[in-house]
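Some structures are shown below for you to check.
You will see chain A twice below: alongside chain B first, and alongside chain C after that.
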Partner chain A sequence: MVLSRLKGAGPAVARQGLLIAFIVFMIGFGLVSERFLSLDNIASVLRQSTIIGVMALGVTIVVIGGNLDLSVGSMLSFSTVLVVDLHDKVGPEIGIPMMFAATLTLGAINGFLVGVMRLNSLIVTLGMLSAIQGLILIYSGGQNVDISNQSGTWFRVFGRESFMNIAVPIWIFLSLALILHLIMSYTPFGRRVFAVGGNPTASVFSGIKRSRVVFTTYMISAFCVGVAALILGSRVMGSQNTVGQGYELLVLAAVILGGTSLLGGAGNILKTVIGVLMLGFIQNGLLLMGQPYYTQWLVTWIVIILAVWLDVAAKRGKLFSPIA
Partner chain B sequence: MQTSFTAGPLRWLKANPIWGFVVLIFIFFSVAADNFFAVNNFTNILLQSSTIGLIALGMTLVMLNGNIDLSVGATLALAASVAVDMQGWEVFADWGSWAILPAVLSALLVGVLMGAINGFIVWKTGVDAFIVTLGAMLGIRGIVFIYTQEQSFYAADFAYSDFGMSSVGPIPTLAFIFLAFTLFVHLLLTRTVHGRNTYAVGGNREAAINAGIKVGPHMLVNFMIVGFFAALAGVSLSTQMGAATPNLGREYELWTITAVVLGGTKLTGGVGSIVGTLGGVLAIGIMRNGMNLMQVSGFYVLVILGTILITVLILDKQFNRRTNEELRL
Partner chain C sequence: MTKPRIGTLTATAALMAGLAAPAAADTVRIGITQNDVGVDSYQTTYEQAFIDAAEERDDVETIVLDAGGDVALQINQMQDLIQQQVDAIIVWPTDGTALVPAVRNAHRQDIPVIVTNSNIAEEGMEFIAAFSGPDNIQQGASAAELMCEGLDGEGEIVQITGQPGYTTAIERQRGFEDELAEICPGIEIIATQPGDWNRERAQSVMEDFLTQYDHIDGVYAGDDNMGVGALNAAKDAGRAEGMVFVGATNFAVGYDAMAEGEYYGSIYQSPVDDARAALQTALDVLAGEDVPKLNYFETPKIDQSNMDEFDRPVF
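Let's turn to the complex of A and B:
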C-alpha cells in the first residue's frame, strides 16, 4: 500500500495532501472546462466563498482551541438582519457598531458558558443556535428586512464595490485570513490556543488561563460572523430571518476539509482558506459541467470523507482503522 | 445502568431529572393553558412528538456508543420520497393499495442502507462519526434532490394518508407505533447482550475491545438502527402530510440531539437511557404544544428551548461533578 509507506517516506507529502489534492482537482476541472481556470471565474468563486470563508476563519480558531461553534449560522442571520434593519433606522455609522456590539455579546455568552463554566461546547452552541434564531425572529416579527435606498448608501462598499479590480469582499476575506494566520502562528495568544486545544490539563499546569483563551476564541468567531454579516447585508441590501440556516455545518465542513482536527490542538488558518476554496470550486466546477447545484453536496460528501480518511490514515500509518 | 425500583422513586428521579421537568411543565400548562388538559390533546402531543421521538430512539443507541448521527434529517427526507414516489410506480399499477407495502418496505430498507454506509465508514476508516455523518448529511440530501429532481411527491392513494390519520383505540396509530418501538428499544437496551455492549462500547472502548466485543460491527448495527428509525420517521411524517418534499426533515438532527441530551444521555457515551430520552422527547412536545395553545409565538419556543438545553447542562454539571473532566482545571 502506498499509504503504509507514507508515514516513513514522506510525512511532508502527507501533510500537504490537501494542497496536492486541491491542485490535482483544479487541473482536472481545468481540463474539462476551459472557463474554469479563467480569471473571471476564479474571481467569482472567490467572491461567492467569502461569507462561508470569513466565518470559517473564526470557527477554525474555536476548533483549534478544542471546541465547536454551531451557533454561527443563527448568528449570521441575527447580525445580517440587525445591520440591515439598523441601516435605515439609525444609519450605518451607528448601526454597524451596534451590530458588532450585539454579535460580540452573543460570542461572549458562548465564551462564558464554554470557557468559564466549562460546559460542553457542542450542546451550548446547539442551544444558542436555537435561541439566537428565536431572538432574531422575535426582533423582526418574522418579516424580511431591506434597505430602501440601495444605490445611495456607502454601505454598499462591503459587498458590491471593487478595489484595484478585485471585489472588496475578497480583500476583506484574504486580509482577515492573513491577520488571523499571523496571530495564530506568531503570537503568544496563538500558541496558547494550540496548547489549550492540544492538552487542556497540561496547558493549565503551564500557567495558561484556559478560560480566557477559550473565551477569546469565541469572541473572534463572533467578530468574524459580524464581518460576514457586513458583506452579506451589503451584497443583498436586505435579509431573510433564516439566511444563515445550515451555514454552521457548511462552515464546519470547510474547516474539516482544511485539515483542522475536531479534537483540537491542530489546524491552520491558511488551509481553511484552501478548504473553503475547494468547496467553492467543487460547486462552480460542477455547475460549469452542466450539473445541477445539488450534485455538489454528493461530491462534497465523498471529498470530505476521503480527505479526513487520508489524513487519519497517514497519521496512524495504516489505511484501515484497527477497530475490530 | 438499570434503574432499580427498590431504591425508591427519589433516586429514580435523580437518575432521570428530565421527568421532574416534564411533570412540572405538565402541571404548569394544565393550569395556564385552556384546552391543554384533555385526552384529545394528550394524544395530539404524542402524535406531534412521534417523528422526533422515533429518530431519538435510534440516536440514543448511537450516542450511547459515543458516536453521533447528523444525517438523520436527510435520511428521513430520502425515505419519505421513496415511500411516496414508489407506490405510484407503473409496476404496482394493479396492486391497488397494496402498492404501499413494497414502497414503505423499500423506504425503510433505504434508511437501513444509509445507516449501514455511515456505520461502515466509521468502522473501517476510523474517521470520527461527527465528520462522517456531517458529510452524509450533505451527501444524502444531494441524493434526495437528484432522486426527486427538486419536486415534491404526492400520494395518489388516499389509503396512505388515511393510515396517518387512523387510530388504535384512542391512540393515533403513529403514536402507538412510536410507543411500541420505545418499549422495544428499552428492552433491547436493558435486557439483551447488544444493549449491554452498547453501554460497554461507549463507556470504555478499549475495555470493550479487550472484552472481545466486535466494536466495529457493533457500531455498524447501531447506525443501521438509527437509519431505520429515521426512515420510519420519514414514512410516518409523509403519511401525515400525504406528501414528501425534498427539504423535509431539515434541522431534525439538531432537534433530535436536543431531545436525547435533555434526556440525560452523555455525548461522550456510556451514560443514558430510553426512559430519559422519552422524557426529553415529551418535554419538547409538551413545551411546543402548550405554548402553541397559549398562543405564544413559535419564536419564543426556540429561545426557551435553547435556554432550557443550556440550563440542563449547567444543573447537570452542578449535581454530577464526578469525573476528572469536571475538576476545575
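Let's turn to the complex of A and C:
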C-alpha cells in the first residue's frame, strides 16, 4: 500500500510541478509587465486561445486513445473556408450543418483508416493534412473567401459577441472542455478510450470494440475542429485557404503541455486547458515585454521540451534515467 | 515489298521533321516555377493571368509549375526545366537565398532566368537575366507617405509585418521605416510584430498591442489582409475611431473598408500586371533586347480620395 502510494506520488508531483511552473511564470510576467495580469489582457488571451483550445480538446481524446491527429490544421482551414463561403451562398442556417457534415466526413475517413483498417495514425493523418489542403484548393480555387455583410449577420455571435461580459468563444471552449472532461472521466466510453490507448491488446481481450472506440475519437476531434472553424470564421469574417496551417503542431504542443502522454492511455482534458492557456500566455507575455517573435518561438520550444521531459520523468519515477 | 515500305516511312519521317522544324524555330518555350499558388488569392490570380497572357500569343509555349512553398521542390523543378531545355525560366523564389545555386546552374547552361515578384538574394543577381516585379522598398516608402498624411506628421503607430524571412516583408518594412524617419520624424513606431500574412494572426497581434498601449494613432500592415485583421481587432475594442490604417497590396476587403471610411489607404498592386510584366520581360530577354536588371511595374498609392480611379481588386 505505502509503496504503491509512494510510486504514485512521483508522477503526481511532476504533474503538479507543471502547474506550479505555470503559476510562477504568470507571477513573473505579472511583475515585469503591469498589463499582463489585467482583466482585459487575461480576457484577450483566453479569447485568442479558444481556437487552438477547442481543437486541443478533441486531439487530447485521440492521443489518449493511443493515436495522433495531425490533420486538424488543414481540416480547420477546410471547415473555415467552407462555413464562410456557404454563409453568403446558402446562409448560416444551412451552411453550418453542411460544414459540420463535411468535417465529420473527414473525421470518419481518419477514423476508418486508423480504427478499422489499423493503419498507422501518424502516416494517415499526415497524408490527410496535405490531401485536405488540396481539397480546399479544388473547392475555392485558391481565392480568399469573405462574408460580405459583416455587421448584419447573426454569425457574429460565435467569435465576436459576449455573454455576461465574457466572450462567447470562451463560453464555448470552457463548456466543451467540461462536457468532454465529464465524458472521459465518468462514462464507459471514456474508460474504453483510456483502455484502448493504454493497452490495446488487453482491451480487445476484455471485449472492447477497439475499432469503434478509435473511430469515435476521430469523430470527436473532427467535431471540435468544426466548432473551432465557427469561432475562427466568425472572428475573422473571412478565411484564407491556409488559415490553419501549422496549427496542428500548436495543438499537439498544448496537449503535451497538459501532460497527456503521446504513448496513449493517460491524459486529462482539464490539464489540456491549462496547456492551452500556458501556450497563449507565453506568447502574449513575451509580446507585452516587447520581445521579438523569435524569442517567442524559442521560449515556446523550451517550455514544450521541459514539459515532455517532466512527463517522461514522471513515468520513470526519476528526472534522469541512465537506462533507456 | 519491303523496300517501298521503308521508303514511305522515311518520307513520312522527313515530312514530319519538315513540318515540326519551322514551328520549333518560331515558338519559344518558357518554364515557370511559382512560389505557392493557392496560398493566397494574389498568387492564384497571378497564375491564371500568366496562362491567359501566354495563350494570347501563338509563339509562346509554357510549362507552368508550382513549388507549393517548398524550396527543395522548387530546386528540383528548376533542374527539370533545365533538363527539358526550355528557352527561358521564370522563377518566383520560395527562398531568395537557397535558390541561388539552382539559378547559377541554369545560367551555366545558357538558359536565361527571369525572377518574378520577389527578388533573389544579392549574390544571385549576376546569374539572372532580369527581375520583374513590384518595388517593395518603394511600396514601403509610399505607405510611409500615406501614414504621414493621415496623421499630419504626428503620432504613435504600430507595425505588423509579413512572414519573417520573406523578402517582400523585409523590404516593405525597411522602405517604410527609412522613409518615415526621413519625412515624418514626428511619428514613432512603438512596436513591430509579424502577422505572417495571416489575418487571424494579425488580429491577435493587434489585440495584444491594444492591451499593451493605451494610445495608438495608426497601424501599418505589410498587406491589407493583415491590415483588415488589425482593423477588426480595433473595432472590437471600440478603438478604431480616428485610428489610421495603412496597408499594402490592396485586397478587396481593404478596398471595401476604404469605401466605408474605416481604412486610410494602401498600395495598389495588380497580380495581372505582375504576371504580364514577367512574361513580357522574358520575351524581351529572348528577343535579345537590352533589358535592365530590375524591371518594376507600377504600384500606385490608393486612398479614400482617389479609389474611384481603381477597380475593386479581384482577390
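The rule is short, and it goes like this: the second predicted complex is superposed on the first by the 307 of 324 C-alpha atoms of A that agree within 3 Å, B and C clash if a C-alpha of one lies under 4 Å from a C-alpha of the other, contacts with A are read in each partner's own complex, and residues count from 1 in each chain.
One rule holds in what follows: a residue touches a chain if its C-beta (ideal position, glycine included) is under 8 Å from a C-beta of that chain, and two chains touch if they have at least 3 such contacts.
Because the structure is predicted, anything quoted here is derived from the model rather than measured.
Enquirer: Putting chain B and chain C onto chain A via the overlay, clash or fit?
Expert: When both complexes are placed onto chain A, chain B and chain C end up clashing with one another.
Enquirer: Determine, under the contact definition given at the top, whether A:Leu137 touches first (chain B), second (chain C), both, or neither.
Expert: both
Enquirer: Applying the touch criterion given at the start, work out whether A:Ile183 contacts chain B, chain C, both or neither, answering first, second, both or neither.
Expert: neither
Enquirer: On the A-aligned overlay, A:Met128 touches which partner chain: chain B = first, chain C = second, or both, or neither?
Expert: Touch partner of A:Met128: chain B, not chain C.
Enquirer: Which partner, chain B or chain C, touches the larger number of chain A residues?
Expert: On the superposition, B touches more of the residues of chain A.
Enquirer: Can A:Ala266 be said to touch chain B (first), chain C (second), both, or neither?
Expert: It touches nothing on chain B or chain C.
Enquirer: Is A:Asn41 contacted by the first partner chain B, the second partner chain C, both or neither?
Expert: After superposition on chain A, A:Asn41 lies in contact with chain C alone.
Enquirer: Touching A:Leu174 in the superposition: chain B (first), chain C (second), both, neither?
Expert: A:Leu174: touches no partner chain.
Enquirer: First (chain B), second (chain C), both or neither: which does A:Ile256 touch?
Expert: first
Enquirer: Using the touch definition from the top, say if A:Tyr294 reaches chain B (first), chain C (second), both or neither.
Expert: both
Enquirer: Using the superposition described at the top, list the residues of chain A that contact chain B and also contact chain C.
Expert: 137, 142, 294
Enquirer: Okay, in this complex, where on chain A does chain C touch?
Expert: 33, 35, 38, 40-41, 44, 47-48, 51, 136-137, 141-144, 146, 160, 232, 235-238, 240-243, 284, 287-288, 290, 293-294
Enquirer: Spell out the residues on chain A that touch chain B in their complex, using ranges where they run on.
Expert: 70, 113, 117-120, 122-124, 126-135, 137-138, 142, 200-201, 204, 210, 245-246, 249-250, 252-253, 256, 262, 292, 294-302, 304-305, 308-309, 312-313, 316, 320-324
Enquirer: Where on chain B is chain A touching in the complex?
Expert: On the chain B side, the touching residues are 70, 121, 123-128, 130-132, 134-143, 145-146, 150, 209, 213-217, 219, 250-251, 254, 257-258, 261, 267, 297, 299-310, 313-314, 317, 326, 328-329.
Enquirer: Which residues of chain C touch chain A in their complex?
Expert: Answer in residue numbers: 37-41, 43-44, 164, 191, 193-194, 198-200, 203-205, 207-208, 210-212, 225, 228-229, 232, 236, 251-253, 315.
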